[in-house]
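You will see subunit A twice below: alongside subunit B first, and alongside subunit C after that.
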Partner chain A sequence: MASAGNTAATDVAGVAYSDFGHVLAQRERRFATLLLAPAFLALLATTTFPLLFLIYTSAYRMDLSMPFLNGFVGLENYKVLLSDDRFWHSLVVSLVYTISTVILQVIVGLALALFVMNMKRGQGWFRVIAILPVVLSPAVVGMIWRTFMLAPEFGIIDYLAISAGLGSKNWLGDPFLAMVSVVVIHTWQWTPFAFMVLLASLASLPEDIYEAARIDRASAWQRFRRITLPLLRPAIVMVIIMRTMVALTAFAAIFTVTGGGPGTATEILNLYAYRKSFTELSIGYGSALAVALLIVTVIISAILFAIRRGK
Partner chain B sequence: MSARGQVVFKDIWKKHGEFVALKNVNFEIEPGEFFALLGPSGSGKSTTLRILAGLDAPTAGQVFIDGKDVTGADAAERDVAMVFQSYALYPHMTVAENISFPLEMAKMPKAEIAPAVFDAARKVKIEHLLDRRPGQLSGGQQQRCALARAIVRKARLFLLDEPLSNLDAKLRLETRVELKKLQRSLGMTAVYVTHDQEEAMTLADRMAVFMAGEIQQIGTPEEVFAKPNSIDIAGFIGNPPMNLVQAKYQDGDVFLGGHKFETTMQAAGSRDVVAGIRPGAIRLGGDGLQSRVDLVEHLGDTAVLDLDIGGALMRVRVSDENVPKEGDTVAITARPQDIHLFDSQTRMRLS
Partner chain C sequence: MKRLRTILLLAITVVFLLAWAFPIVWSVLNSLKTDKDALAYPPKLLFEPTLDAYRDVLFGSGSILPNLLSSMIISLGTTIVTMVLAIPAAYALARLRFRGKKFTGFYVLATQMLPPVGIIIPYYIVLRNIGWIDTYQGIILIYLSFSLPFAIWLLVSYFEDIPYEMEEAAYLDGASRLRTLWRIIIPQVRGGIAVTVVFVFLNAWNEFLFAVVLSGNTVRPVTIAMFNFVSVEQTLWAKLAAVSVLAMLPVVILGIVAQKHIVKGLTVGAVKGGGRR
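Right, the complex of A and B next:
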């Protein structure tokens, strides 16, 4: 009996002890929740709620020019979207824009990083100057290019083209040149980002393995191909992922430079959704376009992350 | 097979701006020799190796390998292999890929690479680790991988830059022995940089001792140990190093702490000298210099005593029998041939 009583006593003590720990943990959790709450609520209000509202809106016909026709239409907007040539066209423009800008950023950024790594002096200055475009607002960048660089006769680029004997070009009026221009502008602004990331990664590579490679009789190209590129791979993949997500949702620079024109030559999906919603005031259909863009972005980033994890 | 790998350094200078890293370095290495470059850190031994490898260019002078002037040739053109202090393994490649890299660069046919890689890995006992990456290996295994990468190509020169300094003490001793056996069995010329005089003494056929950018002595380990050229080398070689004390020389004898020691020198006259006696060459007892035992260090089979001789410190290695106690007074003597005399001005050997 005595021994049984004893066990009971320790049990009680044990329960009391774990209760005390439980209370502490609960208090800690309550405090953590309190600290987290403001940020969490702000996020909820500015991202989650608009997103849900967007999906909700995309299931309605909401036309500010013809409000009498508004009402719930279910998946009708999406059905229209799938047979909308302009939607498919804008999706293709988006993909061309994204792929070409990302590839250019990585190639030019890597070339610049390799060049700067081998600079004996002036590295610091080069970095400061190179980073300038990134700190500008994309809308400002767009205005600079439209007026200062590409304006017929007076713009720097056009002046150079004339001096080179190519003649004055209608940089933003010709569909093909307009696409080239917006790709170049985006690349101009964002290559410094790729440059900085790749330069930091390059600088962290150990020097001795390059000496070992020289003694192993690898040529400069073989050292780049077999050592530098594989070691930079994680940084390059990270740059591709981050720049792809941003390029897919680009807006301000194209909006200020071409407004999607001429016609729909530079009308990326984002711009089409904007025009539908706020120019044609067809909010419901515009929402469906925005959701489509969201789905495309999620799918592409899922693929990129899968590639990153796979290798 | 070992007729390759002869090295000549002729009047080599290396300057970094005002700083002179190497002053007129000259030496020759015979094919098949194990040659050590020994010296304290900053003495120029690593710079010498880098110039030999072709990683750095000398400011003046010429380097010959097998009779050919390679002074201006890049590392890739010299057909040398090197083991770096940091190992410098390619982190993104497996052990097998690391070892096969020099063969691929030499454009060896694919079919011959795999057996050559396995063979090199077997020689350093890492054939079971071929699929691992350097990050998954211990320090000792990484060191072996670097060795395998260096021996796989059968280069004419095998350069080692402090290859054992990152290993723990026990592994270092084991690897030292294996390294010597490996070099013997492959019959290749090895140039070995180290700051550890014990490593140089045990491994090298001959060695060059560097002090402040200059070679002060070249010789077999026995020669350098028995007849150090200068005070600096005498104080650097041996463990514990040679005792060096100010003394007075007169007509063939030297006076230490007021006591007369006979020397092998015959010259008449009187002058100030620095006398050197190896700790192991000092005998206790007899009619000698009286000195007090300050400290006793027991090392197992021997003991090292710190003696106070008229204010100067002298260390003595004795066998474990009859070790005096701290505070005891002992008499010390030394044979004439064990007393080295150096000029206190030029710091060079007199006898």
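Right, the complex of A and C next:
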């Protein structure tokens, strides 16, 4: 953008004013530069500059607790990272968390959308209630679940478990249950998103195809499998892409509910990078973890976009 | 048989509506209880409602009013700065011809790919060096990293909807470009600007990671302050519920106001390629 502005400026000197259209185009370019520059600079400062600085700090040992050891270490942080069990564990947790929440959101969201689409009355209730979870702060959602839903011998879910004869469970203290809990909480908050997008997409499908299918006596399953699903595919893929990106960098809900624990049971890579940098104050290594997260994000989105383009 | 089907459908409906509404409704109910009622086992559905918890968290010792104010300053500040920067940029991207337009648009989208934790680590170092930790300017500046790309792309979609004739007529009358933008174009996208304001505010209000790292005694939004009410030894249930409800209230109101635009707001940019937090 900045370079476009510069070339426009140098062009001015060499151009005769005979070409009125050309001058107009030039003015338009300069005006565009003027309008874009502030936002562009702000984005450079708040996204691109941090990225470059992050790559720089990832080549340093930078411990705020032991500053006397700080210094340039080259690729040492990345070498450590590759043999760091906690890193690989957090990567696995990230993938499990992302894949399970995205699949659950799409399946439940799609089922709900199909269900609500066929409702004759009461659609409005679903539409209003679906808005609530998605506008809430994940931190507040996490807090509500951690306390009023899951706290042992207090939360409603624990109450239901006791009533059902399962006994009180330490929902957030048991590694497996904690993982299930954070997956359920994320799914609870974001399924309405999938639901709303898919419902909007369903509502825009052409009626007449279904008419034709009904005349041909296609069963409900056939209609779903052969008509609805293919037509919804772009919307479903979009939901998958967006939700994957969010799940990979989920933070607030896990942070408030388990803090990554017990131990590292729910510590996704994002949270590990945070803990390393701001709890253990090891900024250099934390930066390397953040770069690793960026690389994972880019690889996964490249795969997803390839899927979206293919077929 | 048909009757059974109806009952089954009704049951599914109720279960799903309950599953999604319950955690929120339950927080509201708990916020209206006394601490004793909140702790009762089995959980009490019927109780005498009281506003004590709200009175305590708002006006008692350790009041969260400063924190609500803090959230408000952060969110309003972010919204104002974002809109001032995003409106002209979105107009240029939507309507003007210039070299590097495609690249600029792509760049704005690509900036959203960065994991927030990758932004906050370097930012923390810089802000620490210039003494901007726990300041409003520091937190608002970094909030631009997510609010600006979002606002630009949402606004582009609204600018693209205005007919070209509007501008052309203004130019023929001899109006300058800036004047045309200000007097003719911007009034046309009032609705789109309002929707964008709602979402930028909402995202700023809900942000957590940056706030955790950058907050202190001066800048302490309500999402951070609510942790004061939970501790290992003792959780103040009714008060925690009241704080949660207060933290939810503004965004729920905004969400319901912007109901029709939620899907658009949530999927902005996705159509062209990116993903949003």
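As a working rule, the second predicted complex is superposed on the first by the 289 of 311 C-alpha atoms of A that agree within 3 Å, B and C clash if a C-alpha of one lies under 4 Å from a C-alpha of the other, contacts with A are read in each partner's own complex, and residues count from 1 in each chain.
Keep this in mind: a contact is a pair of C-beta atoms (placed from the backbone, for glycine too) under 8 Å apart; a residue touches a chain by one contact, two chains touch by 3 or more.
Treat the numbers as computed from the prediction; the structure is a model and nothing was measured.
A.B. asks: Overlaying the two complexes on subunit A, which is it for subunit B and subunit C: clash or fit?
C.D. replies: Because the two structures are overlaid on the shared chain, the partners are seen to fit without clashing.
A.B. asks: First (subunit B), second (subunit C), both or neither: which does A:A164 touch?
C.D. replies: neither
A.B. asks: With the two complexes superposed on chain A, say which partner A:T46 touches: subunit B (first), subunit C (second), both, or neither.
C.D. replies: Second partner only, subunit C.
A.B. asks: Which partner does A:D216 contact after superposing on A: first (subunit B), second (subunit C), both, neither?
C.D. replies: After superposition on chain A, A:D216 lies in contact with subunit B alone.
A.B. asks: Under the stated touch criterion, name the partner, subunit B or subunit C, that contacts more residues in subunit A.
C.D. replies: Of the two chains, more subunit A residues are contacted by C.
A.B. asks: Using the superposition on chain A described above, determine whether A:R226 touches subunit B (first), subunit C (second), both, or neither.
C.D. replies: A:R226: touches subunit B, not subunit C.
A.B. asks: Name the contact category of A:P206: first (subunit B only), second (subunit C only), both, or neither.
C.D. replies: first
A.B. asks: With both complexes placed on chain A, how many Å separate the closest C-alpha atoms of subunit B and subunit C?
C.D. replies: Nearest C-alpha atoms of the two chains are 14 Å apart.
A.B. asks: Help me check something: in the complex, which residues belonging to subunit A touch subunit C?
C.D. replies: Contacts found on subunit A: 1, 3-4, 7-8, 25, 27-29, 31-36, 38-40, 42-43, 45-51, 53-54, 57, 62, 112, 115, 119, 122, 125-141, 143-149, 151, 153-154, 156, 159, 188, 192-193, 196-197, 200, 238, 241-242, 244-246, 248-249, 251-252, 255-256, 270, 273-274, 277-278, 283, 286-287, 290-291, 293-294, 297-298, 301, 305.
A.B. asks: Going by the contact rule at the top, pick out the subunit C residues touching subunit A in the complex.
C.D. replies: Checking each residue of subunit C against subunit A gives 12-13, 16-17, 19-24, 26-27, 30, 39, 41-43, 84-86, 88-89, 91-93, 96-101, 103-104, 107-108, 111, 113-119, 121-126, 141-142, 144-145, 148-149, 152, 177-178, 181, 202, 205-209, 212-213, 223, 226-227, 230, 235, 237, 240-241, 244, 247-248, 251-252, 254-256, 259, 262-263, 266-267, 270-271, 273, 275-277.
A.B. asks: Help me check something: in the complex, which residues belonging to subunit B touch subunit A?
C.D. replies: 53-55, 74-76, 80-82, 84, 86, 88-92, 101-102, 105-106, 149, 153
A.B. asks: Considering the complex alone, what residue numbers of subunit A touch subunit B?
C.D. replies: Residue list for subunit A touching subunit B: 206, 208-209, 211-219, 222, 226-227, 230-231.
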